[in-house]
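Below, subunit A partners subunit B and then partners subunit C, in two separate complexes.
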Partner chain A sequence: MNRFKDAEHLVRVAGVFLLGITLFLCFRAWFVPKSFGQYGHYRADSITEIAALPVIHAGHETCETCHADVLEIKKAGKHAGVNCEACHGPQGKHAEDPSSIKPALPDTAVLCARCHEANTAKPKWFPAVVSAEHSQGLPCNTCHTPHSPHIGDKK
Partner chain B sequence: MHNFIYPNEIDLQWSILIVLYPFLTGLVAGAFILASLERVFRVEAVKPTYRLALLTALSFLLVAPLPLQLHLGHPERSLEMYLTPHRSSAMAMFGFVYLWYLMVVLVLEIWLDYRRDIVLLSRSSTGFLRVIYKIMTLGSDNISERALHIDERVGWVITIIGIPSAFLLHGYVGFIFGSIKANPWWSSPLMPVVFIFSAMVSGIAAVMLLYMALTKLRGFAVSVECVDAIATYLFYIFIVDFSLEMLDLIHRIYEADESFRSLDFMVHTSLWIPHVIVQILLGTLTPILLLGVTQVVKLAVPVRKRIYAIAGCLTLVGIFAMRWNVVIGGQLFSKSLLGYTTYKLQLGSREGLGTAIVLTLMPLGILYVLAKLLPPWQQHETT
Partner chain C sequence: MNMNRRFFITLTGAAAVAWESVLAGAPEASPNYKVADHWWAMLIDVDKCIGCGNCVRACAAENNVPEGFFRTWVERYQVDDQHMEEPIVDSPNGGRDGFPARPGTLPASVKEFFVPKLCNHCADSPCTQVCPVGATFTTPDGVVLVDEKYCLGCRYCIQACPYGCRFIHPEKNVAQKCTLCYHRITKGLTTACCEACPTSSRMLADLKNPNDPIHEFMKKHSVQVLKPQMATGAKAFYANLDGAVR
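Take a look at the complex of A and B:
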């Protein structure tokens, strides 16, 4: 009995650790979603939740059904591979109700610079300018047609 | 920026806070190794620093995750590392290494070592402090000879477990860098070993400096026998650390793989001052030379103490530079091996110099509180 008495404090500290571990396990059981780990290291329920989210992008095929004229211009230019919503933003609502929901036109002075602002990391073949020197703040569509931006003979 | 660099390499992703993180964990591991010298290897001379080393390790360990939390943002998410552990991620598993080291090694060892003092303080103190000490006793005030003997034996076992745990704690940091095979500056199996030895060097130097400064501030005499012993250990471990770093360097030069020209250029340009001048010359060779002189020449005590203080400071500068050169240096060159970028250290941002300074000083504040609560000083100090 005496032997135990002198080691009692160790039993107490072990009790504190055990209590900590038990509390952690209880918290874990309560906190971790039930579907976690069903398919992988994520919450399986998130798949159905994400699938149920409203679609905000229309997709370029939808845009092209009405804007065939723009498609023809785009096809001939360097931006042929750039999707409509990459510049115009998600247009799902506009596609659902084209007459009452009109998308705002992007500010080309800001939009174009996102890709075409000069940067030493960009490959030499990629068209890039120092916009402050190139256009002095003028919107790019003053001179360029955004859907087919090359000026001069088309290649 | 020079020559060809990929777009995602322009801005460095890992800032000064990621430099600070291995520096802080290194101090923890090194301080604990110094404490274990007395406990396991029975080096009586370093006894005055035993408790200080443990409290220093705890103070720095409590702050060590903060640089990561500040770097990543969303600190609440770090809890998920424990709730839904990802066994294939070394970084995620480190959460358990950290918790193990904090709770099972440091807190338990400090509690066992201080138990007698805690019980006595719970009897002699008053007010709020008494409540704190009472809680710390866990309701047991048995400080019989046999109970303290049991504490001593259990503490010894914990220190034995603590040594590989300290190695694991800091070896892991080196492991993370060393296993990034896409980065030739980091990818080396020697990295964890170099990190462990540099951790020992920095931790021992930090505790030595803290012991000297705090003893002097308290108006007591620094135990010459103690600092002599620490300096000797520091000298020998530093030699091993430097040898390993040189082995890594020579191996890289001899192997001269496809990355060598790029790294060599970097060492001779942007890393010349932090790597060659600060880390190798000022922070490694100079302290080794200074400590070496004290081992060979019989110098007067005040001169020896001054040399130890200078060598200790230079060591910390050198080890910090080593972490800087690993973390920042590894991001200054492009994966194309044809281009280089620069690191702009911000001052007041979340990951700026100001935050780094606060995080470095914070453990000293915690140490102050801990030392007030659990005095690490010996009873029979001389003035």
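Take a look at the complex of A and C:
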């Protein structure tokens, strides 16, 4: 015991350190969220939170479950690869409640021009027209059916 | 000494409680979707982009992107073969309302094309490395996300991103960026921009899925990433990309 007679000040310092470390661990456990560090230096729960955000675009698979008739028309035409919401806009709400929330019918004069208005930057393979010359301001669906736009032989 | 022993015993108890909390860890999340099974990327075929702005509008609607800010946008390049290094680039309102046609025909020496841009979801992203609080990170399935509850709005990540893909949300005052529609892809849907793209210029790709068409596509096309010299491990792969694109 005599050996430690003069070491009491060291024990006290050690005690202070230990208290400090314990307090640090307590505060850390209290303040750092449980999921922090699960995958890396971030809160893993935020992944779940972001994944839980609402879906606004229903996706064409959802549309096709009810609108199979339109799908048949579309599949035969040039617009086969164009998804429903590319033209009709986000329809998640309509898919959730089809009877009371009805999508607005797009104005073809505006809608078609978004893609098919001639522009020098557009790739050469893409069919484009100067709408003022092509249709003199008439809406496109005067002649074309948007779901299968080719006039004449079905192609 | 007696006093000391009591003191230490008290401490041991407190330490045990603290350690239990440290060891407890986090509960395993998400029942069906397994993060370890995916490695997300985006494939962009520049030759197919028609500059309609559908992706920009769809992204804004899906993610509630504030007016004047963009998580994805489309650029129009005008490159003169005499001035390859100085392309003229414009992106009016991010290409959201399309691009006004330039009158007349192009001179023979000039070419024009559209390039869609979005977060490259880099595997070694500079933006996540600089975040001082762990608010931005790369998920185990390869998507760079921002934890809005942790973000301080210090803008360090915005400076770090070589592609200019981040912005500060004007109301929330936190960094925001493309999430690769993480809320959709974890549910088996594609991203809003891919859903709305009429020419399939954009394709969501899962590099860990052996049946994903990206593998076939990469085999048959010349594919590159933006700013490869930055060594960011960018995962937005561009097919038919012109050298003038920055």
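By our rule, the second predicted complex is superposed on the first by the 106 of 155 C-alpha atoms of A that agree within 3 Å, B and C clash if a C-alpha of one lies under 4 Å from a C-alpha of the other, contacts with A are read in each partner's own complex, and residues count from 1 in each chain.
Operating definition for what follows: a residue touches a chain if its C-beta (ideal position, glycine included) is under 8 Å from a C-beta of that chain, and two chains touch if they have at least 3 such contacts.
Note that the structure is predicted; figures quoted are calculated from it, not measured.
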item	value
Which of subunit B and subunit C A:Ile151 touches, first, second, both or neither	neither
First (subunit B), second (subunit C), both or neither touched by A:Ala68	neither
First (subunit B), second (subunit C), both or neither touched by A:Gly89	second
Contacts of A:Ala121 with subunit B and subunit C, given as first, second, both or neither	both
Subunit B versus subunit C as contact partner of A:Ala104, first or second or both or neither	neither
Which of subunit B and subunit C A:Ile56 touches, first, second, both or neither	second
Residues of subunit A touched, compared between subunit B and subunit C (which is higher)	C
Partner chain(s) touched by A:Leu10 [first = subunit B, second = subunit C, both, neither]	first
Partner chain in contact with A:Asp45 - subunit B first, subunit C second, else both or neither	second
Common interface positions of subunit A, toward subunit B and toward subunit C	28, 36, 41, 119-122
For the subunit C and subunit A complex, residues of the former touching the latter	4, 7-8, 11, 14-15, 17-19, 21-22, 24-27, 29-30, 33, 35, 47-54, 58, 61-63, 76-78, 98-99, 101-102, 105-106, 112-114, 134-140, 145, 147-150, 179, 182-184, 186-187, 189-190, 192, 195-200
Of subunit B, residues touching subunit A in the complex	1, 4-7, 9-10, 82-84, 86, 103, 108, 111, 115, 137-140, 142, 144, 146-147, 150-151, 154
Sites on subunit A touched by subunit B in the complex	5-10, 12-13, 16-17, 24, 27-28, 31-32, 36-37, 41, 119-122
Subunit A - residues contacting subunit C, complex	11, 15, 18-19, 22, 25-26, 28-30, 34-36, 38-57, 59-60, 79, 81-83, 85-87, 89-90, 114-115, 117-123, 126, 128
